[in-house]
Amino acid sequence: MEHFAARVLSNRQIAESWRELVIDWPAQAPEPGQFLTVRASPRFDPLLRRPFAFAGFSRERCEASVIYQVRGEATRLLADLAAGARLDTIGPLGRAFPPPGKGERALLAGGGIGLGPVLFLAREFARRKREGVATGEDGLSPALACFGFRTAASVPAIEWPEGVRIYTDDGSAGFAGTPSSALAEEDAGPGRARIYACGPAAMLAALAALAKSRGWNASLSAEQWMACGVGACMGCALERADGAGFLRACADGPVFERDDIDWAAEAARAAR
Amino acid sequence: MEHFAARVLSNRQIAESWRELVIDWPAQAPEPGQFLTVRASPRFDPLLRRPFAFAGFSRERCEASVIYQVRGEATRLLADLAAGARLDTIGPLGRAFPPPGKGERALLAGGGIGLGPVLFLAREFARRKREGVATGEDGLSPALACFGFRTAASVPAIEWPEGVRIYTDDGSAGFAGTPSSALAEEDAGPGRARIYACGPAAMLAALAALAKSRGWNASLSAEQWMACGVGACMGCALERADGAGFLRACADGPVFERDDIDWAAEAARAAR
Amino acid sequence: MQPTLSVQIGPLILENPVGVASGTFGYGSEYEALVELNALGAIYTKAVTLAPRPGNAIPRIVETPAGMLNSIGLANPGVEAFVEHKLPELKTRRAAVIANVAGASEEEYLAVLERLEEAAGPWISPPEGLPISACSARTGIDGYEINVSCPNVRHGGLAFGTDPIQVERLTAALRARTRRALIVKLTPNVADIAPIARAAEAGGADAVSLINTLVGMVIDVRRLRPVLAMGTGGLSGPAVRPVGVACAYKAARAVRIPVIGLGGIMCADDALQYLLAGARAVQVGTGTFVNPRTAEEVLCGIRAWMEREGVERVEAIAKMLA
Amino acid sequence: MQPTLSVQIGPLILENPVGVASGTFGYGSEYEALVELNALGAIYTKAVTLAPRPGNAIPRIVETPAGMLNSIGLANPGVEAFVEHKLPELKTRRAAVIANVAGASEEEYLAVLERLEEAAGPWISPPEGLPISACSARTGIDGYEINVSCPNVRHGGLAFGTDPIQVERLTAALRARTRRALIVKLTPNVADIAPIARAAEAGGADAVSLINTLVGMVIDVRRLRPVLAMGTGGLSGPAVRPVGVACAYKAARAVRIPVIGLGGIMCADDALQYLLAGARAVQVGTGTFVNPRTAEEVLCGIRAWMEREGVERVEAIAKMLA
């Protein structure tokens, strides 16, 4: 993890209220699932750094990208950054998606704000396939990589890795349906697949339940408000499924395994 | 006084750390000495509106200008505004420079942050002269209009009204010296001149003393931190010279008469 | 559905819950050109004291992160000038006029209130159930807000505001002298606001309002002295909003009389935080400096929120917190 | 001239006045990759309690204008795990290590301190006049900061921190059990911090540190409930800085022992405000979250300011206010 003033290389709109930020990344190479934090304002309102997952990384060009939704003040300020601007950045932070185990099919699902890390993972699979580095069941590629959006207008205009499937709730682009329903059609046996997902809490809960019912592993990326982002403040706690206290989203996660967290309880909390 | 979202027409650098902001002004016409307040950030740090004197106004084009120094956060944010941006604006506010009395020569002196209002006054004299509207001793123009700067680099690149004299401390542009010393060379008799000035507290104190010793009137524009800018909060108080309490810079001023305020005490306070 | 916005504070029914806070709105006319005064539920005047007060030495204000300090020192022309110069104009207002009363001793508070009662004459209540704005004959004063909490006066109100016994005694003495709405304004500079709120209730207050400012200080590190001439000042603005909401929450659970919430309200959501915390009405202070239309926008936003959430009476929001 | 930055806190000489605040820096290693730990004057650990504490229900933090609320609830692994897992590493630090101690009763505070004394062994003081960093054999604990002021624990420290009698008694009991520096951390949630500071001094504290957080609340107006699971939380960050400086100013005039100032320090000027107010040392809390290098930059800026102003000893700044 490093702290530096990253240079903004581009910052373009890719869908309604969605943008892709590309910054130079002269630091340690990030892995899919990891995140960075940025300070959006030199003043104190908004005050805290904001976490964003890496959506991609080019080792050749030393460039990292983030896909973000303009939601509140910090992301509005981010949206104003022009190429050449400096952005106070810390990263890479947190636990990455683990590689699939031997003989495990990789099933990827990303939705909404969870697009970035899953896209990065899909991109890494694609790269490894290109470069012939073995990962996944066939050693080269995920069995499935699905991304869900509400409607065609919310599908980001980016370069999608080969083989990725787009779902929209209303069928206005790609397939009609959700990544969760797509994954449910997979027929891998117990221990023969691992779900990789990031997205709304309800989607993660559904996927955790699916994984459990099929005996699959699942590596799911959770969200929680953060203050320090490095494991020092205990602010980003998530309840452990075993009742033995809490896990830190920033340092123990954001990627957790299927049974680390009670994903259904998280979804209920988010919906409350 | 009106409150509206003014459109930025231009915002250019005119000297080191000095800028001129031009905005559309569809509201009541401002007079020299009056000011406006702006909200520099939609968030709360910086929080309070900032006051700036009008530096010019075009009745034909309904445009007002402000000359400002980039000092802290609010002015830094102002400096970032591009043409077309909106600026939350209230004005015109405060007491304007009164017209010179019959037979009074108008002696104008502006320094530093006090440039704007005195420039506006000089411009108005020039306009009236063009339009043949009688003001000043000769009914048409000030006897003297002097602006002081540290050095050539701090003299703003603007269109100066005809007849204006520029002074620099080091003589690197215009005359060597200060507006105060220039005014001291005037020989008008008691009651035959009125000083109009805005600038550092020490300059105002010197001019008030000069006016007193010559028996001239003086209309001097003071500064004080403001919260409301409209006379409601009593925050911008200045001590009355007669000891009978306080005057509000925003509503009783910012232009005060020679004997309203103990200008020497103000200068001492500013220097402390 | 048109939501009902009126709020009852003792004998007084406010047309709507949004007022402007004492010391931030002068006596109303200062903001007349920028604010639709008729849209306000109440105008809380600048403090009125027995003698004229020029106010504290200058500088009196300084900005802080998301806040400001003031040490105005209750600058006001005194009760006689208030009666002569401000009262006539205040009689013409549609909004409820609440006179903010301050003093350095119990006697002073009583003397100010008595003089105001005398000048305004007997309380004329509007027809049963109608807001004060419906009253044909207005007296210029519809209630009192007793400032027992100003941090900016030496030997002043602060001592009162932190001691339940004194608060109850002062409130009872004032209560005996007026039928108008009696609101006691509390300070957040206490370990627990609940006993102070209960003391005001026990003394017969119709409501408590809170918070006044928090004691704060800014030091000029170049001039090696406090920025404010008085050293400390009172902190207000969005920075203190969480403190105010917590105080409103606690006070609303400590007393049965209405709580009026203020401190850092900049938008409708901020005001709704106070209402959900248990306040029945709110005041906008520093927010008006930043955006004179804050109170109007707050009212608009509360109405829209009520329509969206299907809430019929604004007073019901106080019970909606999960 | 090289300014002297060391600061004496009872038996302990800190190499420089800038520490990192309890609860915002873990036990040091969390920030190791981003912060030059050797540049710190002191590390105040996360609170240590007798039993392990998982901490409060979630969510635990929320941002506010120029501030944040936390209700972490003193989450920590308990004194035994601290001794086993954290102490060895803390012995390797150059900075002074101050263990922040919390408890729900006097007995708990005493038990934690006794266990820590036992584990760390006797206090080894460096050669006369030298900072603790010059000590060849470090014990892992150079002092204690007694948290009598956490707003986030029910039946917890807050009662202690607002009552001078309890503060004095607790301090005296702890004093009898350690020769290490004993710092009592005070809450700003009181009407007057002076009597509490005096109580700590009377009990034998070597210093008081202040401020802990202010009680605050944020309500989610869409979900109709407080954002934090516990309802209220503690407000920190630049929003509270003026309150902290005012408290430091008052406390420094109430006691002869050093005051350690904190609350909203984001840059050297903020720290200098505390030092000019009378504090001898400072801590950076929330500022580290925003910029992990805050403490380093603060130290750098203090040094530059001293050079500019011609101040030789950092401890002298406490007397420089006009």
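Read from first to last, the chains carry the letters A, B, C and D; within each, the first residue is number 1.
Basically, contacts are C-beta pairs under 8 Å (C-beta built on N, C-alpha and C of every residue); 3 or more make two chains touch, one makes a residue touch a chain.
Just so you know, these numbers come straight off a predicted model, no measurement behind them.
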Message = Tell me which has more C-beta contacts between its two chains, B-C or A-C.
response = B-C
CA centroid of subunit A to CA centroid of subunit B, Å = 55
Key: Averaged-CA centre spacing for the pair subunit C and subunit B, given as whole angstrom   = 36
Query = How many angstrom between the C-alpha centroids of subunit C and subunit A?
reply = 48
Note = subunit D residues touching 2+ other chains are 65-67, 223, 225, 237-239
Remark   = subunit A touches at least 2 other chains through residues 43-46
Ask   = Looking at which chains touch, is this a line, ring, star, complete or other?
value = complete
Inquiry  = Using the touch definition from the top, list the residues of subunit D that touch subunit C in their complex.
reply    = 64-67, 69, 158, 162, 189-192, 214-219, 221, 223-226, 231-233, 235, 237-243, 245-246, 249, 264, 269, 272-273, 276-277, 305, 320-322
Complex interface listing, subunit C residues touching subunit A = 65-66, 238
Inquiry  = Residue numbers of subunit B touching subunit A in their complex, please.
reply    = 41, 43-46, 73
Inquiry  = Applying the document's contact rule, which stretches of subunit C touch subunit B when the two form their complex?
reply    = 23-26, 30-31, 33-34, 46, 52, 54-55, 58-68, 70, 72, 75, 223, 225, 237-239, 266, 286, 288-293
Note = In the complex, the residues of subunit A that touch subunit D are 1-3, 39, 44-49, 88, 90, 224-239, 244-246, 251, 269, 272
